[in-house]
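The two complexes that follow have chain A in common; it is paired with chain B in the first and with chain C in the second.
The block that comes next holds the complex of A and B.
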């Protein structure tokens, strides 16, 4: 049955317990596959979380995930399902790289990066509005429209680089690719591949949490998410909020694109940008229960699993086993969420059935 | 009436989260009796019924039928033992026929193979018990009363000997109530036993053989109806006689200026027909106007158009001198309308959010609850604590979703919020539905208190309640206001006829007071 109030011991105990359970199951699978589980886990830990070098690699991977996770989370808070993070991310990358290439290379970095962020975010927001307007006015299912817009955005980006002599394409390169961004349009590195995008992502998470929990705007979003009829009854405009929330969601996903194009690929590179970050963000938001502050650790966790995977292959573990292990950890932690929101009682069949609270 | 004990409950306890909802309850149901089960909201009536119908497993205690101890593993199991429950909210599939619904969920071996045969059996049962309904009709074509008969037939078809009726009259008009109790008396005459869960003292006294009262999960006593009085039963329910005393509302008061005026208002319904047709009336300060009518005659649409949730196709609506015809819900509320909607959870309250959120649902964006768009949680909490105390809202825990609170407390929470606003007129829809007597009286008292300074428009399916509270009674039928009566010239028979569409509507009636 549903829990009335979820205490902190449950909220934190369940994921930790689930992780332990996953590692135990994984150890059995590794042993069956003929690998040493201890060695495998040590390698995973070393590759993703042990030492600054591993940590920075994990954080670099987590950066865009946090942003697309936030994009999905803010929409989910209102029970609007933006599946278009992927496409909005491309639009952000296209918009930001346009600014980076169009402005003089001598533009000061703060100005350049700000302009890229703004234009990229706007591009993503407008792209999301293409789905938001039909949703708000004709109740068109946003799951379908945002999903479809992903394919259009992907085709647009591919066309800009592979199918045309566009402004973005570098004509001198033998293999089609984007023009390199000038130095002032590249987000400064913190360490290795980790760049200041992580700061933007974390600030965005805190800001979004504040927006949702502490402002009257967020109050309306949460009310609509719980009961649109109660919200209309209280005089809130569901239509207007649908438009603004989807625009904000699109902008956040687009900032992930800005961060990737400016901090990682340093030019509009379709192949390097199509790594399903937008889709993975949806999973992040679901696991984080649409809580912006939860999005950050979940993204890092997911990034850690991903970074450790490639290293596992390098110590001779079969790629299928690696994928199995990654999936298992993720599935178990996700499934554990059931116990956070529900308490389970085991009733005996005899008359004196006793209720047992599910172990946290 | 055969007096052998049919169903025997001993020491039954069922706890949730360690809190007993019913605690060591004893209960006897004799063969061929109608046994009233009374109690406040949260007294444990539903829990007891859910255990008896196999939905919950008790923590301890025994249930026996005809001397045989039984343990139900599921409602189906209970049904196999001859116990059938008719819920207040029907469990029927709208697009299926009556006969299909009757056999729905029954095992192949338990039911006849051909639907034709089921239909004729249902028709026979309906004839036998006076539960007339067409077995081949689809559920959506039936009235609420007919749907209820289907629910009862469903249980009789499965061989139920013990029927539990959960507030069966809550959804019925007066004439339908009489028909229901005719059918119930036929059932007991044929040896069935009936548990009647009710909130209405009058019908409990009129129709039951014995009454059991639950108070805070404990059996507060079982009495023979003929040997008791309403006052005694009320005492058993509430513990002292003071709480059972009814407020006398017919006090003198001054009538002031109009605070709500409708003129020629028509509203398009969800199915394209006119749900409200040319409605005109006025509510004045110091006046309670009651709208009587069987549910589904345009009351909901009329409420929504007044609240600004719908736009009329014709006519004008004025609240305290401001034209609110197309103002929308927010401006309508600002013009001075407090609105207690029929649907508490889902419209009146956001069910998944905590009480403090719901208490400021309409004032979250104003000082002191927020400044420049930033919420002040301390101020919101302050408001909540103040109102929780003033309106005696109980059962809240910090951060708990409101849907876990009881109906009476939910209604008090809505009243607390609405009456806290600076308003001129209160629109209350079915304000006491599903509440126990004490909570209903408290809610009525709040509404009547409103009359002193403001105007009140109240909708209710409970004619007694309308009559008791209102200075003017309007009758609504098929979207039209078909009657208007001042409190000193009430003609209950005429109102009842008008409500069911059989009276002679007076075309001259358009404005009241």
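The block that comes next holds the complex of A and C.
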């Protein structure tokens, strides 16, 4: 392992090298499958990044990814592993759609959207606290609890639409689905499918960067991440931070749900909302090294790969090859990032520091 | 001891998290992988494009472009395979027509993008085969010159046609098969999600089974999934253990056939011809044929007479046909099915003719009453007498 090797050559060389490797391997696969690799890559580029129309749809797909990426990143900073972003996103969608449907349709849009954001974020934060409280007080492993809460959240959302005649469900629909949100509860479009959720996501990224880098709260979070015992010797409340960080993380993932339900599905639609945005957010955070500002470009990159699927199929590439190609790029870049950055950070902090549990 | 945990444990934990996240993503794509196995058991029926019979020769439709959008693999052996087969039939009907499809398109943003891509590629007609209505609404609004057909939609738009199938017409016949085959008089019926269309098909199935076998009972199990082999395996085994010797399924995997073959029972499929897979256990399956609808709509578009709105079709409309019946289905059963099919087509037989009791002992359709064909979409929030099980609470 290349201990202590860092700096720009590793920082930028590795992802670029990994991408190049993936594209080369992908070209071979495409050629074997009888497709023209150049045409395929040009189509991928055209569909995702060439021109404003393509860029705006990539940004639309990146919007929730940025938010779930931030959710994972903020918890990673404290070495708390929230993999419940998926479920927290559903709670955000459930909370926001409840507000959108419960308030009078004539409620002014700024008021309506703010209320949806607040209630959605609160719902996600409370859902995350279901894992944070056992973590803080009984040291229950948050990887297990947040993962399990995903399934419960999914069942809850499915039950609201498929299993019951809930407030959310539209009784007129032959196939169960949510009631449509009124116009004032729909995030306005910037261009085509791109809506103001992207602004919320980018502002959240900058805010989080500021919070982590420029405030004493952020300093404490990072210190606890490096060494919880040292942090508690220094008088920091690890327990309180565990609760607040997981609540913040849950709120961010939930805002992704608010953005999807208000800007994209415009009603509580379980099928359209379960596209693994929460899980992809974890990968975003890993590749971005938990840096909130890094989350934005990484999300856009992953969204760009994902958005070209139907265009690639339409030039005659078999759907399996398309999925293989997308998965390959995804995996190579992630793996390259993970192993390089982590062996480096391993060397840096190897010393004698020991991890005590968060409750210590 | 707390001090046992050296720093590298963080990386181990981060790696665990990463692998978990990746495996969740892989699991999500897994639907198509696992359905892959089905293809081997399914005839690749899409190849049997018969030459056009109805159209006059010399017609050329090469400047009409149709794009079909499928939510799963075109080779899933069920829902999507049926749509693609219907698309191929439609293609054969219009010589030279430019027909293509994209598959594995999830509802939500990916679906919206796929509809937009189809329009950008110059499609005259885009067909969405699952509940894409709210994903394609804006695209349809912005492109009034392009036509759209979408399954089970309902919001009126001038360039959009909605279609839904009267599964009950076919399910009644599957019920006759099940009722005549069962020896234990226990029939298993794993259901997807509880809602009207599904309950209606289950009711029709049970009415069919009990027409030939009044002692038969149908055990309904709501699984809350359309495809999940692990859950389905459990359901199949539980039903077999409870004595079921026929299982009719709507949920997509082949585990039922395997379990029934092991128990000398029978399986009834859902819009799939899996008669080659565990052939001894195969009994029957309704099949949907959407080509009738597709062809009518394209003819209307070409004639400038497209009518937006909802279409509902069953046997009479030519939307339903049947897979080959299994070896143990008797001639007597086949004759009865022919009679009932003919009766539905000429209007002399009505599946929902009263009196019909629900399984709580209430009369839900009184003597002399029925549910008109056009009103069936609103039925059913009750389960007919003979079904053991209830619609999950709500």
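We adopt the following convention: the second predicted complex is superposed on the first by the 331 of 360 C-alpha atoms of A that agree within 3 Å, B and C clash if a C-alpha of one lies under 4 Å from a C-alpha of the other, contacts with A are read in each partner's own complex, and residues count from 1 in each chain.
One rule holds for everything that comes next: contacts are C-beta pairs under 8 Å (C-beta built on N, C-alpha and C of every residue); 3 or more make two chains touch, one makes a residue touch a chain.
Treat the numbers as computed from the prediction; the structure is a model and nothing was measured.
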Exercise for the section: Would you sort A:231 into first (chain B), second (chain C), both or neither based on which partner it touches? Expected result: first
Exercise for the section: May I ask you to decide whether A:214 touches chain B, chain C, both, or neither, giving the answer as first, second, both or neither? Expected result: first
Exercise for the section: Please work out whether A:289 is in contact with chain B alone, chain C alone, both, or neither, and reply first, second, both or neither. Expected result: neither
Exercise for the section: In the three-chain superposition, say which chain, chain B or chain C, touches more residues of chain A. Expected result: C
Handout entry: Touching partner for A:239 - first (chain B), second (chain C), both, neither
Key = neither
Exercise for the section: Using the superposition on chain A described above, determine whether A:273 touches chain B (first), chain C (second), both, or neither. Expected result: second
Exercise for the section: Give one of first, second, both or neither to describe whether A:223 is in contact with chain B, with chain C, with both, or with none. Expected result: first
Practice task
Determine where on chain A the residues touched by chain B overlap those touched by chain C, and list them.
Solution key: 349, 351, 353-355
Exercise for the section: Report the residues of chain A in contact with chain B in the complex, numbered from low to high. Expected result: 4-5, 214-219, 222-223, 226-227, 229-236, 347, 349, 351-355
Practice task
Spell out the part of chain C that touches chain A in their complex, as residue ranges.
Solution key: 2-3, 5-11, 13-18, 20-22, 24-25, 28-29, 32, 67, 69, 73-74, 100, 102-114, 116-118, 121, 131, 134-135, 138, 152, 154, 164, 193-197, 224, 377, 392-394
Practice task
Spell out the part of chain B that touches chain A in their complex, as residue ranges.
Solution key: 15, 17, 57-60, 62, 71, 73, 307-309, 328-331, 333, 339, 341, 343, 346-353, 357, 361-362, 364-365, 370, 373-375, 377, 397-401, 404
Handout entry: Interfacial residue positions of chain A with respect to chain C in the complex
Key = 47, 57, 60-61, 76, 79, 81, 83, 86, 143, 147, 155, 158-159, 162-166, 172-177, 180, 193, 260, 264-267, 269, 271-273, 275-276, 279-280, 282-283, 286, 306-307, 309-311, 313-314, 319-320, 323, 327, 331, 334, 338, 342, 346, 349-351, 353-357, 360
